[in-house]
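Each of the two complexes below includes subunit A, the first together with subunit B, the second together with subunit C.
Right, the complex of A and B next:
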């Protein structure tokens, strides 16, 4: 079985290295074909592993010793168990689809070969992250996906906004990673090892205060990667990257790494329910906060990005409340429908010549019916309407919140679900129905290549049916993760489901009705609340004023005053002294023999003086 | 009584004379003379110290120096004659081909 593990892990990096050879060349379809093939290969291997794990196999492979220094012994070890194999299948499936989709999406881009290099490198890093059997391997993958995310956000680096967004994402993640690193140091200090197995075996015997600190520090890292408040601004700006990237990295896989970390370290988080409570509270806040920003935004991709943020909040709520398998389940279903939503948005962008303002679209259903249907399926799944995937996972989260007695969390999530329904269908209605605004603006939208639509089909099917695997999924995952017991009565649970579903469907119908009638009046757009939401609660502005500008001033000071005046000056001084003394002593070499003799005598006198007066210390 | 000090003082005086000659003279021939004075000043010192300690190695060293000085003068004079034939002068300042 080990060979499947190695194929799944190393096939993407082989594809990446292969297409790396072509990056300086013109577009070559072979890079796309080879990387897609290898990703599919990786997916098939992961699927094989999934079935093997289902039959009770747990693979734990030590590839080689990696770092051996003093008492620190770090092997390059990989583990395939019930949790990581779920992640592997999700990651490789979505990335295969995205890779095939990109063959159509990136067809006219001059960075064609480069794009596939980065995507495959990303998948490799992500697999390292999920498969590692120790915290350091996880951290290496963590940084690897961060790097690939940076490269792909700034893929069109000649655009200033894109390179700015890339930097923002990278730097914000560095800030949060500091927390994570300190958590890792603390783990090593306390346990003397990084291996999951040993750390979790001894976590009970360590001071609770220390475990709390470790949990908080690890969660800070998770907050950065999963773009939770206050590190959330980078995710919306990351939409500068190509849309397939947004689908793969900034919706389906990388941003869920934070959730994965909490799930992976569940043995640790379980011991400190206070930290779990903080996680759940923050998740609730972000779920509502991000959804509210999506309500008024007019940028097609940003709406979906805020929705991603909000759904990540839901996942953190589940993880924080100890319902780890529900968090993982929502992570998986969300990966399917959110990447589908993003890829559909990519189709629209192509049809509309990269126009993103949804108020300039309208009535696109006639031009691109298949995209419309796929996006509608994804939206319904996102809202959580029976029988689509989101219904099962999201309802489970709401039920867990209610079950734990956290009614305020439940209520906030309930409102969040309503908001989700509103912004999803606002988007659908404004883009696909209503007046054909695009005609006045001179766009000629058309459906994309058929093979791209076929590539999306698996995601569409999974968004529809994945929910029915809830019971087998629970059984499968809880072999590793702790079970979550619902203590409330079955009738209460059923009542909750009907309440939520009824509310969501009501909101959907109301939204459709309202927008079919022509939408909201312009007057609403001058309300203070609207402006607050439209400006993202003024948080980007706040960061700019409170952090960027002072930091810029500080950097400028350090450059102009410290670097130029002190450091450069002293370095230049050394060079100048050498140069001047050379200039002066050049005169010695006049070529005149008696001058040379004179200098020789001077030298002899000096040497004699040294020989006579210098007494070395004994 | 002539002691070791006298010999060494003589050696020092001769050496100083040689050095002044090396520094001041511009005539190549005189330069060779000065070099000989330098070498022989050292020889005097060696011989005196050798006698004082009753150790022959100093005097043997003097012989070596005399032999080397003789061969050096032979080569040097040969070059000097050649240079004179070529340039018609043995002034030191005419030898300025190797400028730094």
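Right, the complex of A and C next:
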């Protein structure tokens, strides 16, 4: 079975290197075909591995040694078990779809070949991230996906905002990575190894304080990659990248890496429930916080980006509360419907000449019915309406919160679910129904290529039916992950389900009704709360004023004042003093005999004084 | 193989004499040929090197002034082997990339002379010999900056020379004093490093001697606040001068710390650990900030060198095999990456005769290959895993974590601040629209530039993915040195420290 592992892992990088050869040349469809083919190949191999793992196989492969120094010995090692194989299948599936979709989306872009190089490189990094058998291997993938994300956000590098957003994403992730690196260092000096297997085998015998610290440091890394508060601003700005990138990297796969890390290290996090509680609390906060910003935003992609943030919060709640399999389940279903939502948004953007303001659309249903249906499916799945995928995964998270007695968390998530329903259907209504504003603005929208729609179909189907695999999924992954026991009565659980579903459906209906009637009045938009939300709680502004600008000013100060004015000036001053004293004392050597005699007397006096008064230490 | 070290040291010198009679037209070819032979010789050295022997190999000993114990003493171990190869390799690469027409004959001769001194520094086991090479290396660099530089080149050259020369004065006193101490202890004079390793020095004397050597090394590295010669030197030096200065000459300082300061003065090294580490942290953060504020592309790279050298110091003073091996590897990787970056800046300077960042913008559209190579080097500079830059940085910080987690956290901010100045530089120069007409027609890399840069790109990736052959050889000699330190340490606290930082495992 090892060959499947290698095919799954290395097929994408082969594709990436292949299309790298074409980057400096004109658009060539062969790059897209080859990369798509290899990604599908990787997907099929992952699927084969999934069935093999289901039959009880666990693959553990060690390649060559990578770094060895001191007592450190770090090989490239890969593991395919019940957790990583789920990620592999999800990643390769979504990336194959996105790659095929991009053949249509990027068809007229001058960076066509470059785009496919990056996407395949991303998939390779992501697979390294999920398949590695040790923390540093994960970190390789972690940084690799960061690089690809940077390259793809700034894909249209001629746009100032795009290259700025790329830098922001990379640097902000680096801040969090430092925390993660510190966690890795601590792991090494505690356990003498980075391998998951050995670390988790001994984690129980280590001082709890140390485990807590490791957990917190790793979580800081996870916060960066998964854009949790306060590192969340890069994700919304990352929407500068091409939309397929947003679907793949900034919704379905990379941003869930933080959740994956917590799940992967669940053996460690289980021992320190306090850290889990912090994770869950922060997740809850982000779930509501991000959803609130989505309520008022008018940017098609940013709304979905905030929604992603919010859903990542849900996943962290599950992971923090110890319901690791539920977190993984939501991660998977979310990957399906969120990428579908983004790709649908991409269709709209193409139809609308890259217009993103949803208030300028309206009534697009007539022009692009298939996209509308797919997005509606994705939205109901996101809201968690029975029988769509989100219903099962999200309800399980709410149930887990209630079950653990964390009623505040439950209630916040409950409200969050309502907000999700509102912003999702606000988007659907404003884009697809109501007045055809776009006509006045002179747009001529049209449905996208049929093959693109066909490529989206698998995601549509999975968004609809994936929820029914809940039981087999649980059984499958809990062979590795801890089981999560629901202790509450079945009737309570059912009651909760009805309560949440009823609430969500109520909000959906109300939203549809309200927007069918023409929406909210303009007056609301002057309310302070509205402005607060619209400006993202002024946090980007705050970062700009409190961090970026002072750092630049301080840097200028360090250079102009400290380096030039003080340090270098002192160095030159010493040189000048030496030079000047030489210049001055040169006058002594005037050649005038009486001057010389006077100096000689001075010299004799000094020597005498020394001879008389100086007593060397004995 | 018997005299291979002498051959490696003096082959360039012999070539220099031939260089005088070679015509101006063929001198560059001659220089490259010599550099290729020299590089191959160093590779032969690597092949012949016994990777299971941690001690000095290919030793050549020949007394020069026997009554004072001055000798011609060469030897190579895992610590110096790759620095020698780095020197010969970077000399070769920089000669390939050479693009100066003015007085080219003198320039090539100077470079070859410089190569001899660099190799000599890394191979000398006699302190007097070491000192001679150490100081001799200043002369060709003085000449390169002063004669082929730009702007305030004479000021920069003299500043460079006087500053580093003055720094070394105390070292000479220290060397003579140590030779005398050896005489007092054994009755014979000796300046050979392996002899000195047997010497057990009282704690107070260690402190003074550490200080005397420290200044010389610190100016060379350069450590804060003795660094201000560096931006001037880089700012005015021609590309080839900057490449060799950053890639190899700076490493002389950190090499000397590892070769002399740590094993000769283990207790003093431990005693001064925290002050030195504090300086290193200041270097990392402060230089990264100053780099961010620069308006000149070359100065960004120059200050980034200081920042990276800070990490090397941190790794060195971790005093465990992880940190030291990482520090030496980081010297190699920084040599390759900073050398490449200076060459890349030279490429654009040749075309536009300016290095100011705001003169550019949108270069990625005009010169895509150039942008791609610059991008790879940038990623190596910020320490992306699977590039050469990650290995050394990771190991250095990992090693120092055992000493102090808080200081590691501060030093680790280098990975953030490094990304800040590099990415911002890249964005300003390469992204955006082409706003200046002069930039619209720039030619992408030509054959000469490709030939020089492609090997560097290849190394960045290959050694990033498979650094083990190099790491294990370094590690072997580093471990031997740590053993020596442990044996020689007088104070129990030093011994305890060395044992603690060299073993994993924590509180139960």
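Keep this in mind: the second predicted complex is superposed on the first by the 557 of 618 C-alpha atoms of A that agree within 3 Å, B and C clash if a C-alpha of one lies under 4 Å from a C-alpha of the other, contacts with A are read in each partner's own complex, and residues count from 1 in each chain.
Everything that follows uses one rule, which is that a contact is a pair of C-beta atoms (placed from the backbone, for glycine too) under 8 Å apart; a residue touches a chain by one contact, two chains touch by 3 or more.
Fair warning: this is a prediction, and the values are worked out from it, not measured in the lab.
Applying the stated contact rule after C-alpha superposition, one finds that A:610 touches neither subunit B nor subunit C. Contacts of A:174 after superposition on the shared chain: subunit C is touched, whereas subunit B is not. Measured by the number of subunit A residues touched, the leading partner among subunit B and subunit C is C.
Of the two partner chains placed around the shared chain by superposition, neither subunit B nor subunit C is touched by A:489. By the touch criterion defined above, A:594 reaches subunit B but does not reach subunit C. Contact with subunit B, but none with subunit C, is seen for A:586 once the two complexes are overlaid on the shared chain.
In the complex of the two chains, the subunit A residues touching subunit C come out as 23-24, 64-72, 136, 139-140, 143-144, 147, 150, 154, 157-158, 160, 163-164, 166-167, 170-171, 174-175, 177-178, 181-182, 184-186, 188-192, 205-207, 210, 551-552, 554-556, 558-560, 562-563, 567-568, 571, 575. Note for the complex: subunit B touches subunit A at residues 19, 22-23, 25-26, 92-93, 95-100. Looking at the complex, you find that subunit A touches subunit B at residues 586, 588-594, 597-598, 601. Per the touch definition, subunit C reaches subunit A in the complex via residues 159, 162-163, 225, 227-229, 286, 289-290, 292-294, 320-323, 325-326, 329, 362, 364-365, 368-369, 372, 379, 382, 384-386, 390-391, 394-395, 397-399, 401-402, 405, 408-409, 412-413, 415-416, 419-420, 423-424, 427, 430-433, 465-468, 471-472, 474-475, 478-479, 502-508.
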